[in-house]
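Next come two complexes, and both contain chain A; in the first it sits with chain B, in the second with chain C.
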Partner chain A sequence: MSKESAEKEERIAPADRKVPLFSLGRAWIIARGTVTQLIRMKTLYFLLAFALIIVAFGNFSLGGTAAKELSTIKRACFGAMDSFAWMFAIISTALLIPRDQEDRTLYTILSKPVRRMEYLVGKLIGVLVVIGVFLALMFVVTSMILIARQSSFIGDELSAMDQNSRMSQEQRIAQIEFIQRQGFRFELGISAIASFLKAAVIASVTILLSTFASSSLFTIVISLLVFLIGHFHSLANSFYKYHSGDNIIVQMLLKLVKILIPDFQLYAFSEGIVMGGAVIYPLVWQMGLITVGYLVVFLMLSALIFVDKEF
Partner chain B sequence: MSIPAVEVKNLTKVFRTGLYKDYVVAVDNLSFEVKAGEVYGLIGPNGSGKSTTMKVVLGLMAASQGEAKVFGLDSGDIRARHEIGFLPENPYFYKHLTGTETLKFYGKLCGIRGKELKDRIAELLEMVDLENAAKRRLGGYSKGMLQRIGLAQALIQRPRLVILDEPTAGVDPMGSRQIRDLILKLRDDGVTVFLCSHLLEQVQEVCDKVGIIFKGRMRREGPLEELISIEDQTAMTLEHASPELLKSISELVEKDGKARLVETGRPRTTLERLFISIATQKHKASKDE
Partner chain C sequence: MKFLLKKIPRFVLVLVALMIFGLIRAPFEERVRDEMIEAKLLLPPPAQDTIENLSQSALMATLGGLRSLAALYLSLGAFEHFSNKDWDELRNSYLIITSMEPRDETHWVSVVWHLGINAAANMEIDRNLPMFERKRRFNEYVTEAVALAEKGIAQIPDSAAIRVQLAEVYREKLKDPCATAQTYKDMVGLPGAPGYAIRFYGYFLADCPGKEQEAYDHLMSLYQVEKHRKKGTLPIKIRELEEKLKIPQSERIPPDPRSRRTPSENGKTVLPGGIELR
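So, the complex of A and B:
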């Protein structure tokens, strides 16, 4: 601070200072700090390991038709991306806040003009930025592998078709299009986005848990449980309905679980896209809105607990 | 009359423990005031309620009863944080950040940007003597260095009040001396310092006013000189005094009838001062070589 501005600062009485209810700028500073922290925690090795697995997987000959082989590679790669995203979301989020508290870094941050909500939002944004960038890079690696394998399969198929003179031009085009449908498509990006949205929701649940949990391990275990239960909403619903009929207590319990635990099965639409299905854009937008809704609810709950938390 | 930097009135903090609603009274009806510009030391043994009081003043904890104000604002009011710089006991900042990055992070949180921030960081690194370690990650810092970078982060927004929790705990005598010198410099610059410690000798060296807290209650409080001086005794230190002179003084005291010579002998330096003087000489000698 220059001398002049310092003097100007001195003239401002504490009571006259204006501190906004929420500063996105300060949340962004926390988010940038979180990104640096996660990157310097050598999380990039995750990405490297993923790239190596995908490259190795892409070079294996799995047998079967070209389309089947491409479909298997695609499912494995997107499955790995999805698993990476939710696992990273849970572990990194569960480690960050309790560690800040244990190391007393939180004391120094909260003794600056930082609102607790800004801190929580900043941490969440930081984790999501890292997941987003990693997923984008993973998508690029997967796409490159798919494109390489697809061109090699098409090349092989064309030379096989050249030897088979009985095939008409239409049949040849249909065969190539069939392989292409199982290969790389830009729509596959929607599947990566679905993984991101799912990771965002579980990260916000983990933030909520870490505001009152006493250890990172507890937070990780409970978050994993929530994630697991969140995949069996509809199954549990039909199972209990079948066995308990209209029992009011069971109905209330189911509603409570539905409110407290997000339904992660909603994001399963991405599997259809990976399998070659068409993208239903209104559904994608709807999922985006549902995710925002989940984030807002879990962040508000986290803030309610965290604002009054004593350190 | 100027607004006090810290004003604690009838502060009580009760912690509930366990499921059976047992409770512990950490701070019990505590009241004190820290005037702007003074160095106030809150001393007491471990578990006496010093850190709890400090956390209430910082707004990290709410009072069960009573109130704490910083420059007239409730300590929970976020506007008060602009005026406070805080150094916790044994600070562990983000180990992955360098000294400069740490100060940049905290500076930005306080709304300082650009050249202003760059200049302030350079000024503080020079002040805490960490210019050479500015680009090193905090993971490689010694305890004393961490404490000094902690002090620099506390001062980044030029706060009017600096709160220090055991600022020299675990730091070697040289590092400890540096921190005490910095506290004295802050006082000279008009910054109010509120420190908690159980290292009494160090508190004695820097504080203008002291409060002694025990089991959550203020036992004694007042200006340091008043608290530690023995009212009915006078000390006299002589240089190059001959045995004859000392004998004459003793005789004079005896003649007085009322006065009594309690103790004579050579004044002693402290082990800490001796260590610092040797270390400083060695440091100078190695620099000259």
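So, the complex of A and C:
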């Protein structure tokens, strides 16, 4: 057989070619497509709204001391970032697969030598890239506002202390350090990372739900419920134990919920950092590991359902 | 494996896999949770009475990870209650706020100030209420302020700011010099404690029945230190105690030259500079 005819045969018989079990390259191409898809959904307006909230908070005088105002601005900004991350993760992930179905993009993609697992991984990576970039931008905006407010507060405080000749140098330094502790710290970045990790877990839960859900609305509602119950673990435990005593059925139900639904309350360590808590890096790494565990398991289970799904 | 996939419905497999994963991760997560609570990065679950007091929206916020935002929103609401002198609503708001953010010192300071000073002061002057009711409410608010301050101190044992506020309640509203002195004593050496705390401890101890000698010894030890000696109240308090304790003249501190008064020949008091007091 000549070389030309062999090449021709290869072109007309693609089914004979071996498709690797998983290709990160193909998943990345889908991820890039997902990013473009999300940007086209005008999600950048979220950022604009966030920037307005931050600027409003930054310039709004809340009364109280400089340290208290800085603490309030910081908590409001990071609270908004966290809320944005999980809401965006649920809504965007829930919309993606049905949108691909509506646009018929899904059929085009799945008719190519793309494994369904790659499609799911690509979708998830796309959502996470958008959330990650948005969180990073929000962190930069928040930091700028915090730094600006902090320096203005310190300037005011120094001039007030200059007028008070009774204050020693040590007292002045202590006051400035106290204000700085409530202002910008690089460790605040870990708080943004915690929000990202939480968003990643809820996005993977939403992917799993969307593989068997019949509509986006169903996926969003159930994901929200899972998210709320995930925050409810510890509170529900103490509450129901208090009301039902040692009722074995209640105990079993609580255990069942605990092992089936991710514990989102764990990610609230971001609030601890914002409140001025010291970052303990081994714990952050462990949370990263837990998150990877969730992502792997939920993606595998999504693939288990999605692999034989007929469209 | 293929047999399993064909015979068993997929959602059953998913449930089983989730349960196995849950059983593996639960102990690991429990350990991480405990470590985070210990490191003060995570809050322990709210107490029972708090759960029952949580309004629906606050409960949702607690679950939804919006704890900080909800606390902030309630703080703004509490300020409105303060403006309207709605003290019971203010107290309820702060009970939730302090449960949501028990490690935020400012919430504890605010609630002690509002209840212990503002609400109590309002009860002293509110003519719309009968005297008996005002006294009853005054006691209620002040007692609650003290109890909340103690809860706050239990949450943040190093807090000087809560103790400063508590001391103000003891001093201004309860007129309890012994408790005031003890509160100032407790805050000495804490980070951010005011420099006057060590002197105020002595000043209020001086007014505490039976503690005069202890107060005298403490204030005398401060008197030996140059920076404290310059404070006007210190020698005044020491002189008061010298009178009370009948300290021999030879052991007393020198009289204040500014207040030295000499009787003139005609029996009138003459101030330094020869000014006669009529």
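Keep in mind that, in the parts below, the second predicted complex is superposed on the first by the 284 of 311 C-alpha atoms of A that agree within 3 Å, B and C clash if a C-alpha of one lies under 4 Å from a C-alpha of the other, contacts with A are read in each partner's own complex, and residues count from 1 in each chain.
Rule of thumb we're sticking to: a contact is a pair of C-beta atoms (placed from the backbone, for glycine too) under 8 Å apart; a residue touches a chain by one contact, two chains touch by 3 or more.
Predicted model, so just to flag it, every value in this text is computed and none were measured.
Novice: Quick check on the superposed pair: does A:M41 touch chain B, chain C, both, or neither? Answer first, second, both or neither.
Specialist: It touches chain B, and chain C stays clear.
Novice: Applying the document's definition of touch, where does A:W86 land relative to chain B and chain C: first, second, both, or neither?
Specialist: Only chain C; A:W86 stays clear of chain B.
Novice: So in the superposed three-chain picture, is A:I109 touching just chain B, just chain C, both, or none of them (first/second/both/neither)?
Specialist: The first partner, chain B, only.
Novice: Is A:E310 in contact with chain B, with chain C, with both, or with neither (first, second, both, neither)?
Specialist: After superposing on A, A:E310 lies in contact with chain B but is clear of chain C.
Novice: Name the contact category of A:G33: first (chain B only), second (chain C only), both, or neither.
Specialist: A:G33: touches chain B, not chain C.
Novice: By residue count, is chain A touched more by chain B or by chain C?
Specialist: Between chain B and chain C, C touches the greater number of residues in chain A.
Novice: Which parts of chain A are in contact with chain B and also with chain C?
Specialist: In chain A, positions 308 sit in both the chain B and chain C interfaces.
Novice: Under the definition above, what is the set of chain A residues touching chain C in their complex?
Specialist: On the chain A side, the touching residues are 63-64, 68, 71-72, 75-76, 78-80, 82-83, 86, 171, 174, 178, 198, 208, 212, 227-228, 231-232, 234-235, 237-239, 242, 258-260, 263-269, 271-275, 277-278, 280, 283, 286-287, 290, 293, 297, 300-301, 304-305, 308.
Novice: Touching chain A in the complex: which residues of chain C?
Specialist: Checking each residue of chain C against chain A gives 10-11, 13-15, 17-19, 21-23, 25-26, 28-29, 32-33, 35-36, 39-43, 45-46, 48, 51, 60, 62-69, 71-72, 79, 101, 103-104, 106, 192, 195.
Novice: Please name which positions on chain B make contact with chain A in the complex.
Specialist: 55, 58-62, 70-73, 78-94, 96-97, 101, 105-106, 108-112, 115-117, 119-120, 150, 153-154, 157-158, 163
Novice: Which of the residues in chain A end up touching chain B in this complex?
Specialist: Against chain B, chain A makes touches at 1-2, 5-6, 9, 14-15, 17, 19, 26, 29-30, 33, 36-37, 40-41, 103-105, 107-115, 308, 310-311.
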